[in-house]
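As structure tokens, here come the structures.
Two complexes, one shared chain (chain A), two partners (chain B, chain C).
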Partner chain A sequence: MHREEVVEGSPGGGARFAPGDAALVAPEGLDEMLAALARLGYETSGPTVRGGAVVPGPVASIEDLPAGWHDEQSPGRYRLEHGEDGSLFSWAVGPGSFKPELFPPVHELWQARRDGEGRVEFVAGRGSSRSKKRAFFGARPCELAALSVLDRVLVDCATPDPFYEGVRRGAVLVVAECGAPASTCFCTSMGGGPEAVAGFDLALTELTDGDHRFLVRVGSALGAEVLTLVTTRPVTAADVAAREAVTERARSAMDGRFDAAGLAELLAGNIEHPRWQEVSERCLACGNCTLVCPTCFCSDVRDTTDLSGTVHRTRSWASCFDRDHSYLHGGPVRVSVASRYRQWLTHKLSSWWDQFGTSGCVGCGRCITWCPVGIDMRAEAAAVCSPASPARHDRLAQPEPRRPTGADVPAGAEEKEALP
Partner chain B sequence: MAPLPYRVTETQEEAPGVVTISISPLGTAIPAHRHGQFNMLTAFGLGESAISLSGSGPEGKLVHTVRDVGPVTSALCGARPGDVVGVRGPFGTGWGVEDGSFLEEGDVVVVAGGIGLAPLRGAISALVARRSAALEARTRSGNVCLVIGAREPQQLIFGDDLARWAAGGARVTVTVDIPDARWRGGVGLVTSHLGAAGFEVEGATALICGPEIMMRFTARGLVDAGVAPERIRVALERNMQCGLAWCGHCQLGPLLVCRDGPVVPYTDVVADLLVQRER
Partner chain C sequence: MSTTRPSLAVFKFTSCDGCQLSLLDCEDELLELARAVRIAKFAQMSRALVEGPYDIALVEGSVTTARDAERVKEIRASSRQLVTIGACASAGGIQALRNFVPAGSYTGVVYAHPEYISSLATSTPISSHVDVDFELHGCPIDRHQLLEVITALLAGRRPVVRGYSVCQECKARGTVCLLVARGTACMGPVTRAGCGGLCPAVGRGCFGCFGPADTVNTGSLAARLRRDGMQARDVARLFKTFNAAAPEFRVQSAAEEAAGEEGRG
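And now, the complex of A and B:
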């Protein structure tokens, strides 16, 4: 069975695999892969077409995958078109990410019942019961990068989020590398893709030159176990070259789209730039960008009491575009849309580094596509980092009046600027 | 994530709308805290608020001083002995007085405005006790100099403590913005009384807690007077909904205040944050 040009670490059919190995799989092999995941007890989510977009949904077989679907994305615009080619992964990320699987949009943390004596009994929230064995199938490399960003926030902290950590540790990640980035994608600037470098269990690259096939790379022992249950062929040097051509095509399409070098410092140094005011006149503060972003992690925590007297504490996604996000008694700290847009963009590209030692943006482009008015954060960041005309500078310096915040602002303190 | 139930054992009104509540664990107690840290207190059914520890006692007793400004703080201020509240914590950074060699190196000046005295109460008591002990043992110790401000005399909190700290050797300056007929203390903002606080600039450490504008002017005044910025600590306040660095609400530029604060040294970054208007 071994032929000359077969590459090393590429055992043939029925073979055993180890991390670092690679194999070729036919489209039907993906069916076996999905069946194997189910057999191993995983609940699998993967790309599906729903509501005119590619979004994660339950997948049981390749019938559920977006065969022949191609997307077209630009600021404020997303279209899906169906072609005849039968390729499964010829699209870039849609509005949905895998984030909700680990960090649900609404999550009941606990319930508490009180008896007449005032004793309190805590019960785990309804949100905690779902299976923690999940497989994320066909996740894009930027999705993987986004999870490692979220790991820094929700796991690498003093008190890891137990739900997120539970799902994350139990998850199988089958990544699909990118060959068809959208105009909004800029992962090469942010280190998110288009190749999957680490952190995956299996990485697929769809090859459509000649026969339709997938080059599968093994990233972990678990990935090896799954691949062992799949019909494979050895990889040839031509297959390796074909994979490189795919990711190289993606890479060169994105090259030069966004210059992130030195951006963190530049943004931090341009807090008073007039562009913040200018963009705030277009921004609707709708929060779409934060909803679709795979790394946004802000949440509200609310307590409610039902008719039986049971208290429910619920955590739900929040957006820094919400006026009350920065609420202190007396009023929000960030009143203007300009200050909220600035908070969002500087957090993503600058202060995230200070807080978590990484960028908060992986370059997936979702916030650009799904902004209803087509604001392209790449253009905003670039504009803020370029010299400004001083004439417009005062506009942000004279913001709308704001109610006092904090306790006991001494009467007349605002006027007494100079120290006595 | 679930709070630990504590029973209210004692309440005391400090000023109109400001109540100190003492609570004791019904079962497990939270870990020991450092002065300046805060807890998330749950008023069951209403919600949770960040409240600094203003003291503690034996058998897990915790003391918080709460100003009634909304639903949760109103319920906490209205709590009766026997009521149950939830506690998560302790969170955040403290003033550093436990490990600090502050008094050995010089004077400690503490500037507090309004309810801002609450998070400083434990730290001040510890400093005054340490100074008394040093005086008794005839070892070198700096002075503890307090500058306490309130809007009106009736809004001054911890009157008994002020007397106790003064008796313990602290130099106490109290000032109000709006005096009444019987007021004998200082008048005006705390910043106008820094000069009279009686501290030696060389080797001084400053702890400041109050409204942001007050901290800004106080810190700037102390720096102008010659106090080293890295020896000045301020306590920041932002919306907090978790205390665990999960919810993102407490962001202030590069900081997550629940994790990196509330007490932070008055570095250039913090000085800029206090000057920049976020709005």
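And now, the complex of A and C:
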């Protein structure tokens, strides 16, 4: 992927790079990199420790990065521990992704009011004022994969989301390849992996054998421009081998964790499987899984008025676990939690292919760790698709039952409704 | 416009007054509100009293006396839209703990002269007595939600007040989950949003002030808390606070207490 030509060492930067080049950078070089991004006018978000987890936050220097922090993740559980090693990227993704930067949780789209003559006047909403020049520093390869999934949904469509597209086009992506996946990570099963392959400006691999250093690969002209401002030294064959050892170790730790082959068809053919009912007895319908997912894009657009008569149109994150998410005339369509869980899982792993030509899941594992009751979607998908539970197509062609039209759903109606 | 302003009246039953105080708490919007509605009855703000009927009645507090039960019917009859505000009016409040014990058990503990007290055996929400147009939850309610409900009623639209879980507010504001990252007991997954995820944002598990969300699975949350080592009687206590008598919470606290007595907690 990178030319292994020797680039002269360049204290304080100055060496010339092109996409495909690689160089070695000391930890202090990352400080120069962050300073260079700031100098080029980028607002940088990167990994920080807050609230007991690694989450994206403003980073200005390596002091802000999670030095020595290691995570331990399992379904419904996350803990951080501090070691003495000083490594900066020995953790897997936490609950936050870069999604909120491009697709904010609450976004006022526009306001409208009547002027003195009764004419309606529209003005831009308050949601769109932040600078669109962002740098996403230390993004994991699965973040990159998630952004390319979101691109298909929010940009490659009839009505692209201008805010998302604006931030996305202007963003610098500095990827940190993975050396320490969590037990919940399964990107290799979803077509990804611990290596950054494409779509980045710079890709870092942290090397901790011998001296602490970073192998930096250049993915774009912009990345080359940034790296030009950083002190580098040439990459040796030993560094290349060390990088391969890091990502290979990560890959083999994850391999075989989840068998996604044929899943899309198997799930679609098992929509009446009893497991949906069983998982709904554990599922809280709290929506955490969808909101931590870096590819979930559902939103809800509502108009409100204020006391002065101004109308506000606001887009907010929504979840298929909300009762009101499937509200149509007369009431919600997906009344039972079983039907909502099924919607979530089959959309991620099956119908997303039909809709967008990709999987809706990149295997980041967030929905597994951050489910308060530790529901592991890999186990649920496997149970629904296991050969021991044959596919049942009997009701496949029938539409979801609709609630009768009329007033709102009476209290307690949920209990009476059979799946779905 | 001023002559046709809709009228707003505030009524109180058994409660602490905190919810109606939220109306005064709307400091920035209060003048604008007073221009949009005629405040016909609001004892915390003015002695002036305009007789009904009223366009919008905000009702705080639960029904705990025979007189309350009569008065709530009179209020209903003289109000076009009746909105209950707070956990007391919408679920019976903390005082509904009396519903769990034989009548009069707490009176002797609380009052020096229980013989002066004449009250019903239960504390019940307004909706147990009359039809209610909108229930605004919370202990106390959120003032932004209160303004939203009043504004929506004035505009003739449906209030944007969501019934999903507090967890969704944590995620929207970027709070790292206390339950997952620290093992802190939290009622958020079964509690209605509205506070903005206030307590988890400052490191305290959700108390459940806003009562049950639209869809809840209290049994699964309770099972997780017990797996983390919480005693069943302590889990029961989580469900027995300001919304103890809300049906979904009442069922779970009873189940936990039964489990505790069997000794499996």
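By definition in this document, the second predicted complex is superposed on the first by the 372 of 420 C-alpha atoms of A that agree within 3 Å, B and C clash if a C-alpha of one lies under 4 Å from a C-alpha of the other, contacts with A are read in each partner's own complex, and residues count from 1 in each chain.
Please note the rule applied: a residue touches a chain if its C-beta (ideal position, glycine included) is under 8 Å from a C-beta of that chain, and two chains touch if they have at least 3 such contacts.
Just so it is clear, the model here is predicted, and its values are computed rather than measured.
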item	value
Contacts of A:A285 with chain B and chain C, given as first, second, both or neither	second
Partner chain(s) touched by A:T305 [first = chain B, second = chain C, both, neither]	both
Partner chain(s) touched by A:F122 [first = chain B, second = chain C, both, neither]	first
Residue contacts with chain A in the superposition, chain B compared against chain C	B
Which of chain B and chain C A:C157 touches, first, second, both or neither	first
Touched partner set for A:A53, first chain B, second chain C, both or neither	second
Touched partner set for A:R169, first chain B, second chain C, both or neither	neither
Where chain A meets both chain C and chain B, residue numbers	302-305, 414
In the complex, chain A residues that touch chain C	50-53, 55, 76-80, 94-96, 100, 105-106, 281-288, 291-292, 302-308, 316-317, 319, 321-324, 337, 369-370, 372-374, 414
Touching residues (chain side chain A, partner chain B) in the complex	109-110, 112, 114, 118-120, 122, 153-154, 157-159, 161-162, 268, 271, 297-305, 311, 313, 315, 318, 320, 325-330, 333-336, 339, 343, 347, 351, 354-355, 399-400, 402, 404-414, 416, 419-420
Chain A-touching residues of chain C, taken from the complex the two chains share	29, 32-33, 35-36, 147-148, 151-152, 154-155, 157, 160, 162-165, 167-168, 171-177, 179-183, 186, 188-190, 214-217, 219-221, 223-224
Of chain B, residues touching chain A in the complex	1-2, 5, 7, 26, 42, 44-48, 67, 69-70, 73, 82-84, 86, 113-116, 149-151, 155, 177-178, 188-189, 191-192, 210-214, 217, 220-221, 224, 237-239, 241-242, 244-249, 251, 253-256, 259, 276-279
